[in-house]
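Shared between the two complexes below is chain A, which has chain B as its partner in the first and chain C in the second.
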Partner chain A sequence: MSRPAPRLQGAGFVAPALLWTLAFFVVPFLVMGAMSLATLEGRTLVWGLSLANYTELTEKAYLWRAVMVSMEITLTVTVVSVVLAYPLAWIIAFRVPQRWQRLALLLAILPFWTSYVVRSYAWLLVLAREGVVNQTLMSLGLISEPVTLANTRFATVTGFVHFFVMLLTLTIYANLVQLSPNYRRAAMDLGASAFQTFRHVILPLTLPGIVTGAFLTFVLCIGDYVTPQILGGNTELTVPQVIMVQLGRRADFPLASALAIVLMAIVTLVYILSARWLRLDRI
Partner chain B sequence: MMRLLPWAYLIVAFVFIYLPVASLVLFSFQDGGLPVPPFEGPSLRWYADILSDGDVMAALGNSLLVAAGSAALACALGFLAAYGLARHVLPGSALIRGLLIAPLTVSYLIVGLGLLIVIQRTGLGLSLMTAGIGHVVINLPLCFAIIYASMGAQQQNAERAARDLGADEFRVITLVTIPMLAPAIAAAFFLSVTLSWDEFIISFLLTRFDVTLPVEIWSMLRSGLSPRLNAIGSLVFLVSVTAVLILEIFVFRKNRS
Partner chain C sequence: MSRMTTILLGTTVLGLSAAAAAAEGELNALVWCDHTDPGLIEPFEEEFGVKVNLREYEGTGAALALLEQSRPGDWDVLVIDGIDVFRAVDAGLLAPLPAEDLPTADFFPEVVMADNNVVDGVTYAVTEKFGYNTISYNSEKVDPADMESLATVWSDKYKGRISIYDYYLPVMGLAAIANGIDTAGIDSGSLETIGGTLSTLRGQAASVAGVVAAQTALATGEVDIVVGGGEWLTAVLAEEQPELTWTIPKEGAVRWAQSIGVLEASENKDMAMEFVKYITGPEGQARLATSSCFWGMPANAKAGEHLSDDQKAVLRWDSQTDYLARTQLYPAPDTDLDIEMQDLWLDTLQQ
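Let's turn to the complex of A and B:
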């Protein structure tokens, strides 16, 4: 029995996964790119090399507005999540006793595994007019009328922040426990205060972890349809919501494709801007 | 005062993290028609209600099928690719690795949109199968990365020994490589099951008549707050948490010891 040449054999192992990725990811992606250059005349699709879908972005106010809304929400969510998650990761890494750390971390990220439809619905329960927050505040006598919390940008941001605080706590914790305690000890021995140690030693050393987590947050947040759709109401639409409107009511696949490409362009731009500190292989 | 501050922060953070989940689960036992305070109950009527709902149960079965099927396929493809790349010298292997990982960097909405366009162009119908194809696309990179990362020289020596003793390639893989990599393969499988089980947007775009559970929940959401949604949401959460705990207890614990 003759064995096939090793090189061919290796290729045979890789081929199924490679073909799958080519057929169901690369090809659809290229078709989507071509689709973004096509136009819709009436209801018929005309293939071509038109930039009309992209110029529409600057011409039609609601499209440009959606890009702005998406950017504002995503940036707010990223900053707030990092600011809230860092102390949490810090406390779990340096204040919680060693033997409880793994349990504390597991507990802190357990709701991360709720389906995002269910998680957004759960926030609706909490924030609704007759929901938990309003009822609690009213029974405490802090407010006399229910406050509108659901179907606002605040609700969308809260739903997102909840999710990403858990994700970032995990990535920042992983970064913090990798630090040798000697750095802290050395800084302290040299007379640095706790704050100075943090500002000049710990923070710079954990910056790659923060940026990596923030980048993940940005990417996942800007592409999400479910959270703003359930929690944000219909007063302002994000780019994924506008894409879904194009697919549903109008069946305008060219415009939907162009918007998807724009989303990817934004993510790529953010990647380039943060590449200096990104350590994606360390996740 | 300063000593207590971290603990106060920890408590507030945990309240924030668990507030939605606790509300979801607590009011799934509500005896009334609205899942909001005051709590009346406990009652299991809404669980009985959804468990006897044919549409919900069908969607639950569909979800399990798609999750298990797509996770198994993603693991198989990911394992083979990892084995090929770790054990053989291939031209352009860095490029191949990059290509296999690429779907991770693209949002699920875009993966789903691309597949939807192609499927509509080719005239194939939308079904559970097309949703499953989408789930393999998003899970394959993870399976590949997890299994590839755990392939070390240690297994390679055992594989060489087996080959010297006359085992053919198939036996080497099934009797040596796979058993040695079992923790990584199990981790990849359960992670894929969890992600596929919870996934909404790809299933929403790529299914039609038979839908998965998140899509069914989505259509139930249109009628607003309801204890039925709390009950079904709590069940979905329970399944995900079980998968994660299995992963934690059996895979990661073993890995560390």
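Let's turn to the complex of A and C:
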């Protein structure tokens, strides 16, 4: 029996993934795109090629404000998470003895094992007026009255950072442990200080890990509904929260789809800009 | 036909027959969370020998979308906001109910709500539970006398100690009542006045919270007042924290009501109707009123015979005549006004 041609064999291997992507990404995306160009007249969905849902972004201030709020929170979370995760990953990779690294990583990602919703409500209790943080600050005499921490942007960012530091630690650690120690030795031999070695050798070589983690953080954060809903106290609304309002009572799928497309456009734009700026192709 | 083919066909036929039998012994209901209490559902399942499959939803829009995307016959029973029954009727989703089989004669008259449940003389749904969107508070942290007027509730005295219930219709209804506008009289022209009150309220509030978040905030002392709260918010907390209570201020408050109906596409309408009769009967009503998810007044006054004195005290059974007289059904806007109200609400939240 003759073997199938290599090209046919390759197509056979790729086909399941292609079909999966087609069925669960391309087709739903096209449906969502078409839905965003439809309109809701009364309670009737009217298919068409209307841009009315997109122009509402300029007409309704709260929609544009939601885009801005989502961007501000997401950028803050991404930057803070990278700044906190890098040293943690560094310590685990280079300061913790190799036989303890698995345990250290396990401890670092331990919070992943609890439910996302439960973790958010736990933060709500920790940050409450009579929560652990306020009680501690008051017992240390740093404040005389409880400060408002829950139901604020600070609470939302804290909840997100707690989650994404774990994710970024993993991606950056995976990158750091692959670096040959010879790079550092060579830089030192050539007279570079520890900081110069980090700045000119280690950091550029670990950028793929950082960018991968940061991009995942950006994507997951900008599309998240649960954390801002529980911890933000609706003191400001993100795009996913506004989408849920559109669906909850009026089932306005056209406007909700348009907002989802806007989110996807932002994510795509950020990816292109970051890839160009970091010149990933040259790393 | 080979032996293997015969076995396969036989097995398939047997499997399909079993599935059909199982489907006949099942009832699928799209409900609010208070119907998921086993204490409510199990007595019905035992009496009729059926399995009731329940799916919770939030928001009429989500329910209607789900129904429109389902296959005919997937769902048998729908629990829906009383003011939205007409939307389900317009969409052709609800089946007529035999009005003579419904115990509406035993209902509190104000909650029969024929205007909502009956369209062109045909009954499509029946009220099952009601309550109030009003003021919940911690009686140890605020002056109860202050809670008797909406103006003092959202005064500077309680700035930062208020949470607003995250649903625009009842809260805008309360804002309308505070300005002397009937909830049924809300129109485009009155939204500016209502918006002014909403902005004031928003400025004094620490958060705008859903059911669980509002309960958590009140129970943990994060806030001391929930505007839009009521017995449905504090009743489940009353046993452990009796200081959490509620009142209807002198200006009045908003009344909510939920209805139940049988779906037109149901292939099990007789059993679905039995379920409606069970839920609206005295025993079912008592169980629904004290469901573990949230408490609320039963529409059927005869449910009182199956409630303990303590349960009636928490529900304020003896005050219902007064409360019903002083409250208004929450706004039921048409599509255009609904969009305007939702936009105003979201604008206020983003301020």
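One rule holds for everything that comes next: the second predicted complex is superposed on the first by the 246 of 283 C-alpha atoms of A that agree within 3 Å, B and C clash if a C-alpha of one lies under 4 Å from a C-alpha of the other, contacts with A are read in each partner's own complex, and residues count from 1 in each chain.
Definition applied: contacts are C-beta pairs under 8 Å (C-beta built on N, C-alpha and C of every residue); 3 or more make two chains touch, one makes a residue touch a chain.
What you see is a predicted model, and the numbers here were worked out from it, not measured in a lab.
Contact with neither chain B nor chain C is seen for A:211 once the two complexes are overlaid on the shared chain. Judged by the touch definition given at the top, the superposed model places A:62 against chain C, while chain B stays out of reach.
Contact with neither chain B nor chain C is seen for A:266 once the two complexes are overlaid on the shared chain.
If you count the residues of chain A touched by chain B and by chain C, you find the higher number for B.
With both structures placed on the common chain, the touch criterion links A:38 to neither chain B nor chain C. Look at A:253: by the touch rule set out above, it reaches both chain B and chain C.
Within the superposed three-chain model, A:220 lies in touch with chain B and out of touch with chain C [touch as defined at top]. In the overlay built on the shared chain, the residue A:130 is in contact with chain B and with chain C.
Contacts of A:108 after superposition on the shared chain: chain B is touched, whereas chain C is not.
By the document's definition of touching, of the two partners only chain B reaches A:87; chain C does not. According to the touch criterion, the shared surface of chain A, contacted by chain B in one complex and chain C in the other, consists of residues 121, 124-125, 128, 130-131, 230, 247, 253. For chain B in complex with chain A, the touching residues are 6-7, 9-10, 13-14, 16-21, 23-24, 27, 34-38, 77-78, 80-81, 83-85, 87-91, 96, 99-100, 102-103, 105-111, 113-118, 121, 133-134, 136-137, 140, 144, 169, 194, 197-201, 205, 214, 217-218, 221, 225, 229-230, 233, 236-237, 240-241, 243-244, 248.
In the complex of the two chains, the chain C residues touching chain A come out as 58-62, 64-65, 87, 90-91, 160, 163, 166, 206-210, 212-213, 216-217, 220-222, 335, 338-339, 342-343, 346-347, 349-350.
Residues 3, 6-7, 9-14, 16-18, 20-22, 24-29, 31-32, 35, 84, 87-88, 91-92, 95-96, 104, 106-108, 110-111, 113-119, 121-126, 128, 130-132, 135-136, 162, 165-166, 219-220, 222-226, 230, 240, 243, 247, 253, 256-257, 260, 263-264, 267 of chain A are the ones that touch chain B when the two sit in their complex.
Contacts from chain A toward chain C in the complex involve residues 42-43, 60-62, 65-66, 69, 121, 124-125, 128-131, 148, 150-151, 229-230, 233-237, 242, 245, 247-253.
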